[in-house]
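One chain, chain A, links the two complexes that follow: it is found with chain B in the first and with chain C in the second.
The block that comes next holds the complex of A and B.
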């Protein structure tokens, strides 16, 4: 269906207008101007901010520069979470552009993973892809692929090449003809109000009676507070890629069309905006 | 091709309970925590302190978690100096014995990486779990052949632990074979 393919493109090309400002306590030789950038929702901060780094390093001395890290309103931003997830979870109810503060000192060891090179991002990304396939296909599809196919997934993401990426990723979205979907759906549910970073459990896309499970079924089972109360005004929004899919949407469809490039559905539960 | 030995979550809990029983007997400090408890209580006890040659005291923390994606246990660990300075990946590597290094460097999925602890949300180091079945299957099949009781957790931890400085006392093995 052409409509469904369009969804894949819309997800891939989603962007968030962002304003990067240097932390005021960083030592600079001249005033640092803010830097504006459209961030790809499906990528990772440390993968797409080389220009940001260069821009601020131009006004700093080498000895004042350590590992870069980002923060929004005091919260260190986890580079290993996709950008779109971070935005939906932390800033979707604020006005655009997304304001991110850039730091070059005082790396928060207790909060953030280190990201010494692009290889680290690749390893993390591939690790997620592999885990997703363990859930979907008992790792059969990913393990049957050659190293060059794995590389193509990464290069597709790295170079923002939709066709290059999906040439391989489509194989990860297939399932045996005799089945109605994947073995289990790769998903993670995030809420800022809980201590636990995310909820991840085993959940099948199809019920024993053959009915397709919906997004609502998933939430009822693993995170009922997300859709409470059932009657009356809901307290929370359920957001993926900046939109609120209908709770009646089949989970299998969501997994095939609204997953991030790592093949996971990253779902944000956020309080209803009060405007 | 042998059928892989997957570890169900209930079985994982059972083996952990047996493991903890023995740990309590010998007093080496392992504790069972639910995710709720893990977030509420400070972690003081799942630690091992070790003096290095340079008389620097290092604090190691080991957590055994269950991966429902791979259906195997996963070892999360971190280390710090007593003043709170955390170990870097480089520091961790320096602590890995030579005999394990070549094997670990062979592939990105056989190695130690920094990951977010799925319950605490803090950076820990992890041995990637996707190859666990590869080395556990022969261990379990063999024990069955010689009719010997095996605690999956004990066997698994005795294989992966030493790579990252965790050595189980031998009494765990004796305890496992005595359980019916």
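The block that comes next holds the complex of A and C.
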């Protein structure tokens, strides 16, 4: 269906207007201007911020520069989480642009993973893709692919090439003709209000009676507090890629169309904005 | 802190986060010429991370801090260092345990 293919493109080309400001305590030789950038929702911070790094390093001395890291209102931003997830979870109810503070010192070891090179991002990304396929296809599809196909997935993401990426990724979205969907749906549910980093469990897209499970079914099963109405009104938003899909949406469809390039559905449960 | 080897009816639940559900059984398997752990079965707290597990194995095997250690699930993917063991057990455990392969070099890419 043409409509469904459009969804894939809309997801891929989603952008977040962002303002990067250097942390005030960083030592500079002259004033550092803020840097504005449209960030791809489906990518990773350390993959798309070379220009940001260059911009601020121009006004700093080499000896004052260590590993770059980013923070929003005091919360260190995990580069290994997709950008869109970070925004939805932490800043979706704030006014645009998204304000991110850039640091070159004091790397918060307890909160962030190091990202020494692009290879680190590639390894992390590919590992997620493999984990997703372990859930969807018992790793059969990803293992049948050649190394060059894996590389094409990464290069597609790295170079923002939708067609290049989906030429391979479409195979990861297929399932046997005799089935109604994947074996299990790769998903992670995030909430800022809990201690746990995220919820990830085994969940089938189809019930034993053949009915397709919905987003609402998933939440009821693994995170019921997220959608429990309080005094008749839901106190949370369930957000993927900046939108709130209807809870009646079949999970299989969501997995095929609203997954991130790593093939996971990253779902944010956030408090209803109070305005 | 780690619970003792073998089966787990009596275990110590120790850790910075305190009690967080029953520990899960892990079976560690060496890959290639990586040294083999004398004790392979461990009961591990659900909230323990992969990084925590890596640090523990390295200490147990007396590896130098600078030496790398990779951990794989299903002999196919290396989970993120901050991934919790409990989640991996829920999704990839079988027969009451989670099998993890460890290696000093990258085994499965």
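Here is the rule we go by: the second predicted complex is superposed on the first by the 273 of 275 C-alpha atoms of A that agree within 3 Å, B and C clash if a C-alpha of one lies under 4 Å from a C-alpha of the other, contacts with A are read in each partner's own complex, and residues count from 1 in each chain.
In this section, a contact is a pair of C-beta atoms (placed from the backbone, for glycine too) under 8 Å apart; a residue touches a chain by one contact, two chains touch by 3 or more.
What you see is a predicted model; the values in this text were computed from it and never measured.
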Should chain B and chain C be called a clash or a fit once both complexes are overlaid on chain A? clash
Have a look at where A:163 lands relative to chain B and chain C in the superposition and call it first, second, both or neither. neither
Where does A:109 make contact in the superposed view: on chain B (first), on chain C (second), on both, or on neither? first
First (chain B), second (chain C), both or neither: which does A:63 touch? neither
Quick one: classify A:200 as touching chain B (first), chain C (second), both or neither. both
Under the contact rule defined above, give the chain A residues that sit at the interface with chain B and also at the interface with chain C. 80, 113, 123-124, 126-127, 130-131, 134-135, 139, 195-198, 200-202
Write out the stretch or stretches of chain C touching chain A in their complex. 17, 73-74, 76-82, 84, 87, 90-92, 109
In the complex, chain A residues that touch chain B: 78, 80, 109-114, 123-124, 126-127, 130-131, 134-135, 139, 186, 195-198, 200-202
Would you mind writing out the residues of chain A in touch with chain C in their complex? 80, 113, 123-124, 126-128, 130-131, 134-135, 139, 142-143, 147, 150, 184, 195-198, 200-202
The answer for chain B against chain A in the complex is residues 35, 39, 68-70, 86, 88-89, 108-109, 113-116, 118-119, 121-123, 128, 130
